[in-house]
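One chain, chain A, appears in both complexes that follow, with chain B as partner in the first and chain C in the second.
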Partner chain A sequence: MIEDINKYLSEQMKKVNDLFCLIITDRDGVPIIKILNEKCPETSMKPIFLSTFSTASDQASKLGLGKNESILCIYNNYQILQVNYLPFIIRYIASNKVNTGHMYNLHDHIKPVIEELKLSIGQSIIQ
Partner chain B sequence: METSISNFVQEIVSTNEGVGLLLVDNHGLCLSKGGDVDSKSSGLISAIAQHVAKLEPNLGPPVICISGDQGKILIKQGSNVTTAIFKPNDTPNGS
Partner chain C sequence: MMGCCFSWCRDQSSSEETGDNERRTLIHPDANTSIQTNPPTLENVEPLTPSQVKKNDEQSDLNRILQNTITKVIDISALGCNNLEHSEYIERMNIYKAKLNVAPLPQILRHEECLLVDIPSPALSSCDISDYILINQTCEKAELAFKNVKVEHTNDLVVPFMIP
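After this line comes the complex of A and B, so read on.
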């Protein structure tokens, strides 16, 4: 099943120009699915990068705007979109020139697949 | 600034019954919308405009018309803003 999801996600990823990688992790940053291309920065697979979002999202949830859903970070060379989709965290790493709206659209598009993944392995993560 | 854009969009939508209007920035994020339009389509609208503009890079950005059973979408990319007009088939001809 994971192979099928991998294949589907990598096909969908190609539709967004300048998107380098898509990583699905659990809330602690342990990778479950990772689809990378050669332009993906090495930093994106380091534990410090993968585990920081949970803390940032928890803090952002305290701003009085309700539960934090996603954080978009724009750097000189990269754009990083991290989405809270508990029990998963989904990360999109792209060039700074990427169409941000298209990246959000891709997320909406792949949600049903992530739901499937949630049903099959999400329960074991929650427990 | 936001109010003036919003007023402009509402004016267009109210004078053209049934028409939807979407304004999108260069990052594909929705600036303003009016009428029966889903703001989540902003990313796709902007991506379509950027892709089609590559067909004839020496010419200015074209007006794109996407026709379907239920209506038409007209897309025009400006320097900072992409405009999309959603026109259902049952709108009056003058709109």
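After this line comes the complex of A and C, so read on.
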């Protein structure tokens, strides 16, 4: 099962140029599915990086604009899109030149698979 | 009747200044909230003395205010704190891996392993190469034949009706 999902997601990842990595984690940043290529920065795999988003998203939800759904960070060399899809958090790490809309499209495209994952293993994900 | 009309038409500021009048609510909103937060029940009426009740009320109000503040305050100092221990991190990763391995494959990723799935005993995917070539050749011939189909023009396709 895990091989099939990895294969499917890595095929979908190839549709977005300069996308280096797709990680699905739980709320605390513990990886559930991880697909990355050699260009993916090592720092982005560290627990400290992976665990920060959920706290940031929680705090951003208190700004009076409703629940925070995603956070996009643009650095000198990278673009990082983090999507709140509880109990999962989905991260896309790409080059700074990536088309951001393509990343969001990819997310919409793989949503049905993630939705099914949520149904099958969502209950065992620690929140 | 006249009195009612009079009081209705009076200036708002003057009615506030006088304090007590018929349009003022009998129960002050603040008092109302304190009543709602601590509804009187049979359990807490008799055993507690008035001073104890007051103390408990204050304590619960303080707790509620504290909880609301914690929920509403934007605290960025907590960012970057990873409360998970390494052993728990590894343990969770292993749990997720095990769950993923036994979970059913998502519907989208399920591939049918046979041709002609709509017949009762479907043919398995082991198709002989000669059959494959034959199917391809026949398809090409059929496609060519379809392309060569021509309509021979004899009469007009659109005919005017006998409209007076």
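Here is the rule we use: the second predicted complex is superposed on the first by the 125 of 127 C-alpha atoms of A that agree within 3 Å, B and C clash if a C-alpha of one lies under 4 Å from a C-alpha of the other, contacts with A are read in each partner's own complex, and residues count from 1 in each chain.
The criterion applied here is as follows: a contact is a pair of C-beta atoms (placed from the backbone, for glycine too) under 8 Å apart; a residue touches a chain by one contact, two chains touch by 3 or more.
Here the structure is a predicted model, which means the values were calculated and not measured.
Once the two complexes are overlaid through chain A, chain B and chain C fit side by side, free of any clash as defined at the top of the document. Residue contacts after overlaying the shared chain place A:N105 against chain B, while chain C stays out of touching range.
Touched residues of chain A, counted separately for chain B and chain C, are more numerous for C.
Contact with chain C, but none with chain B, is seen for A:I2 once the two complexes are overlaid on the shared chain.
Of the two partner chains placed around the shared chain by superposition, chain C is the only one that A:P47 touches, whereas chain B remains out of contact. Legend: residue contacts after superposition of the two complexes on their common chain; A:L63 is shown touching chain C, with no touch to chain B. In the superposition on chain A, A:G29 contacts chain C only, with no contact to chain B. Between the C-alpha centres of chain B and chain C, as seen from that of chain A in the superposed arrangement, lies an angle of 80 degrees, given as a multiple of 10. Across the superposed structures, the minimum distance from chain B to chain C, using CA atoms, reads 20 Å. Within the complex, the chain A residues that touch chain B are 16-17, 99-105, 108. Against chain A, in their complex, chain B makes its touches with residues 24, 27-30, 40-44, 46-47, 50.
The part of chain A that touches chain C in the complex is made up of residues 1-2, 4-5, 8, 26, 28-33, 47-48, 51-52, 55-56, 59, 62-63, 112-113, 116-117, 120-121, 124-126. Those residues of chain C that touch chain A in the complex are listed here as 71-76, 78-84, 89, 92-93, 95-97, 99-109.
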